[in-house]
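You will see two complexes here that share subunit A, one where it goes with subunit B and one where it goes with subunit C.
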Partner chain A sequence: VGARGCGGVWRRAWQHGAGGPCPSSCGQRAATSNGRGGAVPVGKSGLAPWVPVVGLEIHAQISSNSKLFSGSQVQFAAPPNSLVSFFDASLPGTLPVLNRRCVEAAVMTGLALNCSINKKSLFDRKHYFYADLPAGYQITQQRVPIAVNGSLSYSLCTDNKMSQMVTKTVRIKQIQLEQDSGKSLHDDTRSQTLVDLNRAGVGLMEVVMEPDMCCGEEAAAAVRELQLILQTLGSSQAVMAEGQLRVDANVSVHHPGEPYGVRTEVKNINSIRFLAKAVDYEIQRQIEELENGGTILNETRAFDSKLGCTVPMRDKEGKQDYRFMPEPNLPPLILYDAKSLPANMNHQQVVNIDWIHERLPDLPSVKRAKLVDQYGILPEHSFTLLNEDGLTEFFENVVKQTQMKPKKVIGWILNILLSYLKQHSLTVKESPVSSVLMADLLNLVEKKEISSTAAKQVLAELWKGEGKTPLEIVKEKKLELIQDQKELEQICQAVIDGQENEVIMMVLG
Partner chain B sequence: QAVTVEVLDHLEQLALVDFRDAEGVERLQKAIRFADQLQEVNTDGVEPMDSVLEDRCLYLREDDVTEGNCTTELLKNAREKVEEYFVAPPGNIPLPKLEERETFLKGS
Partner chain C sequence: ALEKGVWRFQVSAALREGHVSPRELCQRCLALIKSTRFLNAYISVAEETALKQAEESEKRYKRGQPLGILDGIPVAVKDNFNTAGIETTCASNMLKGYISPYNATVVQKLLDQGAVLLGKTNLDEFAMGSGSTDGVFGPVRNPWSYSRQYKEKSVPKSHSEDEESNWVITGGSSGGSAAAVSSFTCFAALGSDTGGSTRNPAAHCGVVGLKPTYGLISRHGLIPLVNSMDVPGILTRCVDDAAVVLGSLAGHDPKDSTTIQDNFKPFELPDSPDVSKLSIGIPKEYQAPGLSSEILALWSKAADLFKNAGAKVIEVSLPHTRYSIVCYHVLCTAEVASNMARFDGLEYGHRSEMNKSTESMYAATRREGFNDVVRGRILSGNYFLLKQNYENYFIKAQKVRRLIANDFLKVFGSGVDILLTPTTLSDAAPYMEFIKEDNRTRSAQDDILTQAANMAGLPAINVPTALSERGLPVGLQFIGRSFQEKQLLTVAKWFEKQVKFPMIQLEEGKWHNHDVFQHQKSASFS
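Up next, the complex of A and B:
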């Protein structure tokens, strides 16, 4: 079981006043150590410390051509109600038909998260009324989901320089297959809601994480790693901005040794950065409320990204009774492995867990270890490489085309190229400097034809994307290092000759 | 054992059924009594059956796009529409309050 709890992270976040409008008393809070040697936030003087508890429910849209139970297309941004079948619109007489690709995506994800895959899982109906849920229920897996009891390891940097990384683990309670709902557009001026069912019925994997995290930074790091895993597997593109990855946070606080406090659910979090802010704000809010003698309501709150705070959500009427019942139109979902594979079954009807396991790609953690091993770079470098889309490929291409050692190349890529890209808000793919040009430039440095400083000047020129090669720029700006001994002596002599007085003063001491 | 007004209210909220009057409520109570006969069967050690389909093979469909693109047809059923969107009220319309309903039942 990996390290749970915050260690020193909470104290640092606390002192920096994480979250939105933070009362000035924040800076006065000190931290003490708990029994495990980690820091725990201390309340106002005299009051006991608080332990924040954070759990996450993540919905990842499955990357598939068609929907979970129907043959309508899955696509972001299409004309309203154009990707809707009779089943998606819940017209009477229609039945769900399970998409094989969605099952495989869920199995891949379960395996990547170290889960036990349930060879028999069941579908249920979860009932509630809302305009974007035409059937009045969502088909989900409440009793026996497809995967259970997994874990996700992620890393945190303990200081801002990323030189100290700590590995944490969060337990995965379960992964279940379920339908997405349609989209509601609220038109307050005309007091109506416009409903688009294009998204209704798209396959989702709900990943439920146990409350093993204790602050916004941990939650953000865990979700980031999950996002990378999903993208590596291809089971979900997991782009938060397009709603392919949605995160709800469950937050509570309690005193050490006491039972868990009342938790609130925080929704409407649209990016990983906002996730950290929302969680930290809510922790702060709950601590202040309780220290001021108030109570925490078991409610759902929305994160307001403009104000940086959480607000109670309207329209959530108390505790919902979803009247779960088995989905009568779907028999149990049976999965097989090499041992249980039936002899005479149609291949197309068989999902073989072992077959999928053998074909899993290298997960991010494995990719990072391989990069460190192969190129001799530091672990934190491998994190940055994987964190930027296309950067690993760029780095490896440069290494292939240059004599400079990877350990030196990495510095150029991470410190120089990456900061250029960030300054100009460009992705690696949009870089005006290709890996070929970069390699050419680094070769000049490696062969000592130019100095590092000169190389940075050349890079600034290359950045303009005018089509010149590094060598052309070097010649143009006369940045070559002089290698000839005689020539160097002549130059030095000329300088000395030109400054006779100063030289005499120096020689005399 | 009569069904309480609170339970009736809860059922009406959850299922949007309307028991309407005393006769409706009595029919409900009869239905419950009828179904309660199931409790007389000893089911110790017997797994519950969800559906008569439970031994059937769950058919898996290939991930091909075969449906959709029938916006006009779907919208034919809509009482109101705005530019190919279905129109719904701004939120869930709350049911009449419990007190109003109670007098209604008493009155019939």
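Up next, the complex of A and C:
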């Protein structure tokens, strides 16, 4: 079980300092650090194989109008403490009332992640003192969470050219509903802490992934797939930059056949790119530490994105005992399916798992398969289409408006449009070239009115966003392909005539 | 003095017929509160808002459109229920001066039905206690300490100093509410009941104390002691009044997820209840060590009353009840530790001057804000919740709780309708004697006969039964099936009629405004 994924790669990387086949990026990173870490005693232990183990705990903020247990609105970047109910501020005597929408979002997510949904789940209190936790405890689902035993399949490419994809699976241990905390802002100069409770009590889904991954690239791919699923379901907006998706990584390394090593928890990772970096750094750090005869502490570390490394976090109050206790103010959360649904039950009062199941939208994996099937594009292209927000729609719109085959269209979209957007850090929606203009342009190519090279020139003009149509640009720049045989002959003749010597040389060989 | 039988919210009829106006009634109650300040029953008196409410009520009566039987009836509320605009202190430094921005659901319901809220009544700090002696505003004095009945039998008449040291406690923790009802300063009061906190002071003060089924009345706005056992309690002078208040408070509250979903239909009790077809269970375990012989005798006399009325009276066994106190100790302190975590001085309540660090501010705030009893319970509760102890204490206690509840289910399943038990081991102790033992010891003793009903969530009621040899009230307890309040109160009413509990005869002189008081007595509620 332990050596799932690419455990062997690290050994190879370590031994030979070169990328193995799966996935090479991990190997290269390891190789780089090997090179960097000149002090590592390769001779002594360089041959010892290491198996990195990576598990993830992901907090996804539920997309909902109101909070998990109160009627307060949920909104990003609202004025401080403007979205705080009596319950959120933990005024004495207030009680939690479960938000149905949050339950449905969790059920949806559980189903999409192939979990079994617990028809009865429970809420617990997790105690700790912190300024942004007004009640002194968080309501969570420690004992019986709403969904358990799922799986998430994700794919990643095995080389940098993106031509070979492998699909892997990570087991989902559980999904639990819980409250978000508020935010503390420390003002060091005036030595005060300011507390904003707008976020306090917002619904979270904590998705716990089993330690089935072995490198940053895998972790990143798994999180990206989860993010796409959440966004497709609408159960979370899952924007990492806005804190709607927060990832903590548990990392350890061990030798094959031996028990898992001591793990560290890496926090403060706020983008998928940093996740890969943080995990790989931490794996490498642990290997080096152990190779140097050191030990790994069971500690929480923070990823410093500027330095690209993990550093020990100041432990809040040493070892925490959260003193879990059942939440006495919430009855067990009972969910129904078509079979167990009582006939006389008010439908507003119940959550029906089957009903939600029937209404699940197409998940990213299904969408990709449909794209491959319908347009004959390569699987890896379908990944790229889904990975960029709005790109699938852009592609499909172009396809609808052009005679060019989808297989050819995809090349234009991915190689030309997307790389341009990436270069200029633009999203698909911000593209200066709309799908209509793109289709017009591709139609010119398809009708052989311009060459591909000319089309690229036209695009270069279109990026300027001056409102000209492709045809106008073609006319202006005289980029049309010449269709008239005689005219073509004349041009050729003129060229030959002008280069008499060269022609003679050629004829003479 | 009027007979007990005509007490049932009689004042409501007087209001309707215009014999007394809501304003007058309110003023008299306020005057009486002033003249009985020495009882220390009230923490805050909301004179201004009460008079305003009474005026509104008066207008409704004048229009001939009172809101119902509670319209214009002066009531008091234990100071652990949130009341918008009136301080809610829990008799603790932690919440001294705290004014809640909202009304507890039960308070709102009373106000919505026209009741006039006179003020907030005294209690043990955060309702932790059984004497109403452990709050920051000082102990509550039992009005019976100043009754002719008690004086004649117990107090040496010579020294006034002796009198001072002979006053008896109200019981608790809802002692302020019990004293307020017993001394006629209000017609009904809300208490809370977690281990007996409504029934115990009701017994000691000679009033009716009802703890309804868990989940029948909203806890929203009740500052919790033990969420899984807390129930708002009702204190009145007669069973019919309790039924009226229950009818006005019961039912689902969307703000409290533990309230029942079903609609609750308010009920009236029959004028001549019939108990002949009932089966009354006498749990033998309630013959607990320390039960006074006179209460034991009273209990058996009560059983005979039922027998003579044709009811089946049988001895039953609740074998696990004797574990209820130790079990309660674990569950109560665990929930207390958790519930009290919110008092950190940040959002509301007391905040210490200490500002070395957030942690030191928390520590100082909680040390200054809570008394020893509260801090002790927090400490032991946190101990029981530690990872290494959780299985051995909390889980075990939960299992024992289930056994205790199952005992009741078995007995009720065997055909018993109502259980009859004593409410307290003895009559009220003099304050000087009571404080010789610490709060923990006292609570363990005093809750022994009432606690199990909270464990099982069952409805239970104290009915004042007789006066002890010392001239102090003694009550008996009826425990009913879940949500069978109507049956429970019907039996209680029948019993009330049989025993004809004497009215408190207050000494003149101590009660300065005797005229007011006289009127008060005759004008009872319902």
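Just so we're on the same page, the second predicted complex is superposed on the first by the 462 of 509 C-alpha atoms of A that agree within 3 Å, B and C clash if a C-alpha of one lies under 4 Å from a C-alpha of the other, contacts with A are read in each partner's own complex, and residues count from 1 in each chain.
Rule of thumb we're sticking to: contacts are C-beta pairs under 8 Å (C-beta built on N, C-alpha and C of every residue); 3 or more make two chains touch, one makes a residue touch a chain.
A quick note: this is a predicted structure, and the numbers were derived from the prediction, not measured.
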item	value
Partner chain(s) touched by A:Gly93 [first = subunit B, second = subunit C, both, neither]	second
Subunit B versus subunit C as contact partner of A:Val239, first or second or both or neither	neither
First, second, both or neither for A:His127, with subunit B first and subunit C second	both
Broader residue contact with subunit A after superposition on the shared chain, subunit B or subunit C	B
First, second, both or neither for A:Ala135, with subunit B first and subunit C second	second
Partner chain in contact with A:Phe324 - subunit B first, subunit C second, else both or neither	second
Subunit B versus subunit C as contact partner of A:Pro80, first or second or both or neither	first
Which superposed partner A:Thr193 touches (first subunit B, second subunit C, both, neither)	both
First, second, both or neither for A:Met505, with subunit B first and subunit C second	neither
Doubly contacted subunit A residues - partners subunit C and subunit B	86, 89, 91, 97-98, 127, 129, 131, 193, 195, 317, 321, 323, 328-331, 349
Subunit C contact footprint on subunit A (complex, rising order)	86, 89-98, 125, 127, 129, 131, 134-137, 193, 195, 317, 321, 323-325, 328-331, 349
Contacting residues of subunit B [partner subunit A, same complex]	10, 14-16, 50-51, 53-71, 74-75, 77, 82-92
Complex interface listing, subunit C residues touching subunit A	81-82, 88, 90, 95, 100-102, 104, 219-224, 226-228, 254-258, 261, 334-335, 337-338, 340-344, 346-348, 358-359, 362, 382, 385-387, 390, 394
Contact set on subunit A toward subunit B in their complex	64-66, 70-73, 79-87, 89, 91, 97-103, 122, 127, 129-131, 184-188, 191-197, 315, 317, 321, 323, 326, 328-334, 348-349, 351
